[in-house]
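Both of the next two complexes hold chain A, though its partner changes from chain B to chain C.
== the complex of A and B ==
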């Protein structure tokens, strides 16, 4: 093989990667530039590629009615949702990893089916229930119903991580008289910490970005950041600048996650799908 | 082993949450679907009339057609594209980690932000896409605004958003394949295509099927990017089953009818999953 042929051979994947990266990033870059443009530049046609950035759109988005409150609501929902999912999911994953426990197969199939159900199958019953018990339009209610998808995912993923932990460790602790809860807490949780981190990250992304359920089960007090951003999609009055700034604000925390924890996200996603 | 007697308490919290979150709603939805009940008024038992109404009306069959139109194209395109990208980028030695990090960014973006980004970019007069097309002399369509182009636009948006998912999983799966079969193929003088067809593809198949099932379920449940861009229009051209269920329950407040839509749709998804899994095991037995 000639030298030029072999180097061409090695280069084409980079060309493919370059195109893919540009297509992946351009829309996010473009909305960022619109968020940083003044009104005239944002609507300019042909588009303005070089401009001096202004920050007023971010101020406008952040101070628009309910936006900052919704941002904090989403943080609280993610926090409570993760605590609930781990508190119920860690012992459940340990349980389902034992070979001969009652109901193992049924519960595993049940977990898969709950992932499959369309949101509106449980949204309407939950609306009726939440209205009558006072959970409608509360962050607690939202964190509870998010367990429909976070809990099966948490159990599924942690089961895969727990499966790699040698049984002999638990057996030794048991001979020394440690209780099952103690074994989970002092052996499984520390060893599977990277897996737990991956689970928390993926659950947070899912809950932070969730729209469908929040749209139906909140009204005002517990509005989430996705609903606050959705409020900008007016048809009559187009304020592209504030709308773009709001989009950037909602993207930013998750983009940081992606950059800081790329390896964990990839590991969690592939384990969730492959096992 | 006797100390493990109380082990069943470990599953109890999860079972309580799952029962409240899925079992109760499934049963209650089944019951609701038999009622004529507008939120705030008296409920009336109507038997299967809600099912007859949604199946004989125009709204639900149209939404079902749209949903499958969207799902089939989105899943096929995203799977092929993700596989192609995984094969190409797995050949890269230097910088592959950075490339993956940058490529999963769309996956981190909330569906509502995806909608707004593309609404701005696809704007017929002020959007960047039609400007770029005009540079090469192509008059851009109104994308989300006309009946024939609206659904293809949504499919394109979903492709931008979710191809990273198929890419990441297939890429991890490719990396974990054993080296020996590839070595054997090389020694036998197999071409790149033959290696792919007879070595890579069979070994990748279980993961490929899992990816397709995941994407099929997710695309059938499509809501955010339709709600955020077209709201189901123009002329219901992008109305999906879930946006229809939302309209029926929370705009018209017909809870019984909305429950009937959700019940029928859940059964369809369940049937599809069973068929997929049957195809999967059938092939497994033949091989």
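== the complex of A and C ==
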């Protein structure tokens, strides 16, 4: 009797989760079907549920002007953006975890506020600045400006992971003659590796999907995937099939990344994992 | 092997003074235990010697060297932490050799060094394991090995046994004492456990929190015998000994000390208001020498080889310790004797010990 009661209890969360999954995956399913349908089926009303898939939209999307270049640009922006965020964020997170850092609270609150600021606040001043220093329409420039949100996020997240590492480890290493950099590199980074991986993944997703800043601060050479997808909206017509195929293509790397690293993310995001 | 000397040490956290005016001379090769309740500054003082904490004033010397401004790594000390502070992502061998590898020592030297200490602490079969795969006792051995392999002049232990269960603690106490005899190094050991202090220390420094202590945290620095049998003040008398000493209000009047109706031989130079202490083992039941009061057995704890008696007397509650053979029933009226020559006298105004 108690068994049936408990299994009934265990069912409704699954039902809720199922509804959530269906709602969140439906747009992706819809885009996928448009990408796989021919032009007539794509806009038939009522929708055509059964159709024989056509794959040409994917080839068309990939080979269309600028798309593969944009794909590559986005990869480079993510890579540089992550390197910058970790290079500055790891030492910052380490220091902000120490007890006796003057102004620690102020710095942390400021970081949180700056993370919450709307992105286009930076666009106008940065547009002028980027033009004058030659960062406009460069992947470096984009990776740099993305630090306004990746860096505070990185510091906040890593600080939480580092806080789980007992300070005695750093002290023990220091007594053995390790410098602060060495302590960070040989103790903190390896122990917090799952957390760092989770940070990189979350930052990558954010940078990969970013549109507003990329729209304002790039023109042609440094266009990213989100802009490339928007680019299928021509002056006269929209190539929905190719655009949908392109959307699916740009979802793939992050989805793949997330699936492959899922264990690490969960491991990293569950606090206390390093103790 | 080096002497450690602290002179006029003051340590504060922000505006809170933790340690004040601490003087301590630790001889080369000595095993000294810092003992006291939490907040007495014992760990802080140890960390000061290690260089992990900075004092406001005072001088720290290790051997001939004043080390106030010397980097922790260059003080020639090794520390064993309460939570072991092992690097969880490194094997036991890598944990032990961390410092050697950092200093770029030769591979053969590292290997033989690690093998030697591993054998010494009984870890030879576990060198390739991660700390997570070891028991608490084994982890503590790794921490110990990491300290030993450095061959430091001074070992610093910060409550290293407090996370172990009782059985292991007893075994490790013995092993640490053996290690001290083998290595002959100066060792400073922090604990709040008086059993560890009494069993391991060549000398014990009893520390008190500043608000109880007044001028300096150091209440007494002496051998276990001195601290137990001649406590320098009420704080030490209360802190050392389990169950603790019995205390009574006493009055000195000429050549006698009276506790209520009881009289003890005194001396004319004693202050009028005294606190009289007597350890439970110096309280006799039923028969015995010396003055006695009538009491009722309130309760008894039978520990097998000994019994602890809780007695209600007209002088208040008294705890007695007897051999396991003594037998009375709860509720029995009996004579409670005090061994005249075993009483401790303290000036009630200052808490300091006074001698007859």
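General observations
In the analysis below, the second predicted complex is superposed on the first by the 240 of 275 C-alpha atoms of A that agree within 3 Å, B and C clash if a C-alpha of one lies under 4 Å from a C-alpha of the other, contacts with A are read in each partner's own complex, and residues count from 1 in each chain.
Keep in mind that, in the parts below, a residue touches a chain if its C-beta (ideal position, glycine included) is under 8 Å from a C-beta of that chain, and two chains touch if they have at least 3 such contacts.
Computed from a predicted structure; not experimentally measured.
Of the two partner chains placed by superposition, only chain C is touched by A:182; chain B is not.
When the two complexes are overlaid on their common chain A, residue A:96 makes contact with chain B while staying clear of chain C.
Once the two complexes are laid over each other on the shared chain, residue contacts for A:190 go to chain C alone; chain B is not touched. After overlaying the two complexes on the shared chain, residue contacts for A:166 are found with chain C alone; chain B is out of touch.
Set against each other, chain B and chain C differ in how many residues of chain A they touch, and the higher count belongs to B.
In the superposed model, A:174 lies in contact with both chain B and chain C.
Within chain A, the residues touched by chain B in the first complex and by chain C in the second are 174, 274. Within the complex formed with chain B, the residues of chain A that make contact are 10, 12-14, 16-17, 20-21, 23-25, 27-28, 30-31, 34, 43, 45-47, 84, 87-89, 91-92, 94-96, 98, 101-103, 107, 110-111, 113-129, 144-145, 147-148, 151-152, 155, 174, 179-180, 184, 205, 208-209, 211-212, 215-216, 226, 229-230, 232-233, 240, 243-244, 246-247, 250-251, 254-255, 257-259, 262-263, 265-267, 269-270, 273-274. Chain A contributes residues 166, 168-169, 171-178, 182, 187, 190-191, 274 to its touches with chain C in the complex. Looking at the complex, you find that chain C touches chain A at residues 50-52, 72-74, 77-79, 81-83, 85-89, 98-99, 102-103, 146, 150. The residues of chain B lying in touch with chain A in their complex are 3-4, 6-8, 10-11, 13-18, 20-22, 24-26, 28-29, 32, 84-85, 88-89, 91-92, 97, 99-113, 115-121, 125-126, 128, 131, 160, 164-165, 168-169, 172-173, 207, 210-211, 214, 217, 220-221, 223-224, 227-228, 241-242, 245-246, 249-250, 255, 258-259, 261-263, 265-266, 269-270, 273.
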